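Each of the two complexes below includes subunit A, the first together with subunit B, the second together with subunit C.
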Partner chain A sequence: MRSVGRRLGPFADWGPGLGLLLVAAALPTLVSSEYVLLGASMIVTMLVGLSFNLLFGYAGMFSFGQATFYGVGAYVTVLLINRGGFDFFTALIAGMVAAMLVAGVSGAVLVRLEPIAFIMLTFALADLFEFAAGHARGLTGGDSGTIVSLPDSLNIIVGVDRVYYVILGVAVAVLAVAFAFVKASTGLVLRGIREDALRARTLGIAVERRRLGVFVLAAAVAAAGGGLSVLSTQIVYPSVFAWQVSANALIVTLIGGVGLFSGPMLGAVVLGLIDFYVGRLTTNTLLVDGLVLLAVVLVAPSGVGATGRGSLLAAPGAFVRRVRSMARDARADPAG
Partner chain B sequence: MSFATFLDQLFAGLGLGFVLFFSAAGLNLVWGVLGVMNFAAGAVYMLGAYLATTVIARTGASTLGWLLALAIVPVVAALAGAAAEVLLLRRTYRAHDENQQFMLTLALSYLIAGGVVLLYGTGLRTVALPASLSDSWNVLGATLPKYTAVVIVLGVLVAAAIWALLYGTRIGLLTRAAVDDRTMLSVLGVNVNRLYTGVFAFGIGLGALGGVVDAPNGAVTTNLETAALVPAFIVVVTGGLGNMTGALVAAVSIGVIESFVTLQSPTLAPLTPYAVMTLVLLARGASGRRLLPTRPTAGG
Partner chain C sequence: MSPQEDTAGRVVLELREVKRHFGGIRAVDGVTLTVREGAVVALIGPNGAGKSTLFALMMGELGLSGGQILLDGLDVRGLSPQKRSRLGIGRTFQTPRLFAGLSVTENLGIALLAHRGETARRRGVGRFSSDLSREQALERGLEEVGLLEQSDLPAASLSQGQRKRLELAMVLGLEPRVLLLDEPTAGMGVNERATIMELVMGAVKRRGLTMVFTEHDMETVFAHAQRMVVMDRGAIVADGTPERIRLDRHVQEIYLGTDTAREAQ
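On to the complex of A and B.
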């Protein structure tokens, strides 16, 4: 099974992402503050997408619960700032550590499950946290949410550009760590496990421990997204744990390309723009998002599973192959 | 706890459990036979509840209108399910990529939820029960709402019908055979594609039936999607993926336990399904068995 990175050359794996980061760095000088805000929300979505891509794209672990860690990151950050008087960066790092702890404990069971059970139980875990956040009113303010009290230097209303650069800076640091991780031998080992877990085990690789490791790392990445989201939203609701957050992570990764390092970056930009412009016409973005997801899943021929074939870069070729295989299916005996 | 209170909670719990069984059975049947985990089950349930509000409102909350909703809505949903299976899912069986199938049903859930918002808006709706079903009986000092009794009877009938279908008919025999060896079955001249479409449509119909039956129990809102999906997933996992008997036992037990927990602490009651699932999974793990079976087994 060849990865899209191989087919398109190594540059295609990280090149588009680097290009987007350069545009992102110049964004406040190029567009109005409305679009800078949009850029900030794209960066947050990208981080949750990156977290999903680390699991699914590199390790073949289909998590439908990255909202758990996104939400833990957001809530811990807000609570430490509001209740503990910590500064933002300390609180953010504590939020990431908290998410890693949650991932370490829950992952000890989760990473051993069959794929479908892994999907269902990561999903159920996020739902459990949403329930807890909605009911622990004394701590979280329940469904009315918690407003974060930030100093003026981090208030997005006072200075959009400054806060945007804080978000971008943290995101670049997270991207750098994730990039080093997947390009080092750890990333290769994970891909080996993804392709054939039994063979990897036979070769003496501790499959469960490796899976747990990437699960914990992905949790920290999602938590960074959650903690940063606090800067642009300034309020946290229990809906940070909603499955739509996990679904968005999946959709942006699919759009950009599963297992492609630039995938979630491309996808976050495309989905962000679609939702932004559709959102101007109607509040009902569900139909559009559903159609986008349907289109991407159908374009990827024999499953988007970790081959990067859902990628925008690979889309034209994939579309031609898809049409050809549909024509073939129409001729062949359907009961195969 | 007095005996009357005990009966009260038991009735409520059975009512809850059988509502849970409808959607869990649909989910489980589709998983067991087709190997597809249908994320759209929650959206189908929500759609069922919304369609029921329309049918019942049009017929002026009469007994006939309620029966009509019970008969029509699942059939409409099943037909739509059949169309979705033929157009979208059928092409995925050969590659058998569980993740891709899951994503297709996720896309369907978006489309259904978007359609519901388009048709009904995001406000809440309620269903008025017909007068014939809205009062209650006195059983040994306890109150048994007529509607709860109807739900329990309906649940038992549906469970019996599923068993009769799976174990008493040729279609059921072929369905169970398809779980074991799909290719062999098609070599023997059985139209497996049609069988799969039928099973998927039946599963979707069951899910919509759950929504119709549950609609009069509370407000119909867009929150129903997640509210229905999570417990259904939990029932399927607790009972054992693909295991119908397990799903029935799990649904009814979770319903009854939740009902008794509600008496002690209404706040914590929604956690019951998680707690039961965790205990069952831990017990399975402790007894040295796999946490969950790899291959689905349909039927018993």
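On to the complex of A and C.
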């Protein structure tokens, strides 16, 4: 049992995520279809967050371009369904493979770059795709978007619950693969590379190859999110490549906890709920998202899913300590 | 300055006219050095003599400006640090480089994984390693350097001496043939120095390793080195047995200082 516990790592890392998945599994029986739709969009956001977390949280690679792979997943899925007559799952897998190819080719250069260049070029890559998707009207319909032609069995308006379970099912499979990846030796080696790449190199680790591996995996995860988004939105615009998609991946990971497996799941739920309720009051959800992110960074910098130092649980204690120390300083120096 | 070498044993490491220039600064300026199997060589010299640069050149972290480095007769000039590591060079740093945010066990675990990396990697993504012998290897490795009790602590929380010991365990975990230790006793007290050198020399003898180490503490050098190579301003100025180096006036002037020299005698 001890050895199993060690393999899975601390409960706090995966427990909250497992809890959320259990709630997600029961969601259609608990709430109205409006909230089931919200759940579906949270799952899609979570996958892009997971993709970012695999790179940044585990390997220390700050990508600001996961929208590239999300978008490739979405477009390849739609185009193969509409033009190739493929069924959804084949198209989804093809979308993931296509994203992996794009990641493999671009990553061969990207993973060798310094962090700042990596951020800028991952960002630029997504921009390039957004431009291309907007201009290749014959293929993508340009800014008017492409409506996907799905059978009734996958039409979310016809059967919300069924489509929701398809989305959840695929997401769980992706989560399982990602979890096995980070808990296996590969995950440990990546965390080592994140901590000190030169040390890793001098231990004989092929740093670039490992980075490329996780870059390709993360692309597949984001592409799964993109492909699944086709089910919930039924239309794909060039904005699937927009920086907001990459930013959302970053925000949900920061809110939930960087490097925590449950992080993006918690973050996606928090962000989804906020956007849902705030969206009823104002269109400026971005402003509120920003304030929430600010609050998390200030109050619980390790994310809401974290335990120990920098967590939400530790926040009241940290606050009390800070007030006390301020009071002490004030007493020690009354003039100040 | 007559190069004094053990004539027994085959040549493991050979440096030929090795140069590294940074702009106009000649950090390493034509170093030629032959190290035979099983030798324990101390590389000494004042700060800025080029010792650490030479280590970085041997490991491949820095490129050469000129010259050749051979490992077992193989020219390793074009090889990356990871390739050289796989060829059997294990290297520690003056300030230990560890995976600071990870636990002591995880640090050593990565080294062991790196050592068996190729096979583990081929066995595929997502495989839960259930290798019992790996657990044993971890335990043995930590026990060897006396860090078993600290196994679950983050590396960042270790003392300087413990960090040095962990780094040593990681490098030994690679089962190298050539050890390059950059100041193994830096920042340690007298007792701790003796302990870690005992550890190092024990491992060297048991495993029949070849070792090159830099060191500022002359007592440590004289106690353990079979051969001393003295560097100054990027070049080798003396090379020989400790007895000879101790008596070398030139060395006394540029490096040892009269006090240390007298102490050593």
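As a convention for this text, the second predicted complex is superposed on the first by the 287 of 336 C-alpha atoms of A that agree within 3 Å, B and C clash if a C-alpha of one lies under 4 Å from a C-alpha of the other, contacts with A are read in each partner's own complex, and residues count from 1 in each chain.
One rule holds for everything that comes next: a residue touches a chain if its C-beta (ideal position, glycine included) is under 8 Å from a C-beta of that chain, and two chains touch if they have at least 3 such contacts.
In this text, all values refer to a predicted model and were calculated from it rather than measured experimentally.
In the superposition on chain A, A:250 makes contact with subunit B only, while subunit C stays out of contact range.
By the touch criterion stated above, A:198 is placed in contact with subunit C alone, subunit B being left untouched.
By the touch criterion defined above, A:177 lies against subunit C but remains apart from subunit B after alignment on the C-alpha atoms of chain A.
Residue contacts after overlaying the shared chain place A:131 against subunit B, while subunit C stays out of touching range.
Of the two partner chains placed by superposition, only subunit C is touched by A:186; subunit B is not.
Considering which of subunit B and subunit C touches more of subunit A, the answer is B.
After overlaying the two complexes on the shared chain, residue contacts for A:115 are found with subunit B alone; subunit C is out of touch. Of the two partner chains placed by the overlay, neither subunit B nor subunit C lies in contact with A:274. In the superposition on chain A, no contact is made by A:18 with either subunit B or subunit C. Comparing which residues of subunit A touch subunit B with which touch subunit C, the overlap is empty. Within the complex, the subunit C residues that touch subunit A are 59, 61, 80-82, 85-86, 91, 93, 97-102, 106-107, 109-111, 113-115, 117, 120-121, 125-129, 170-171, 174. Of all the residues in subunit B, the ones that touch subunit A in their complex are 31, 37, 88, 90-92, 94-95, 97-100, 102-104, 106-111, 113-115, 117-118, 186, 191-193, 226, 230, 233-234, 236-237, 241, 267, 270-271, 274, 277, 281, 291-292, 294.
Listed in rising order, the residues of subunit A touching subunit C in the complex are 7, 177, 180-181, 183-186, 188-189, 191-192, 194-196, 198-207, 213, 217. In the complex of the two chains, the subunit A residues touching subunit B come out as 56, 62, 64, 109, 112-117, 119-121, 123-124, 127-128, 131, 135, 242-243, 247, 250, 254, 284-291, 293-294, 297-298, 300, 302-305, 326, 329, 334-336.
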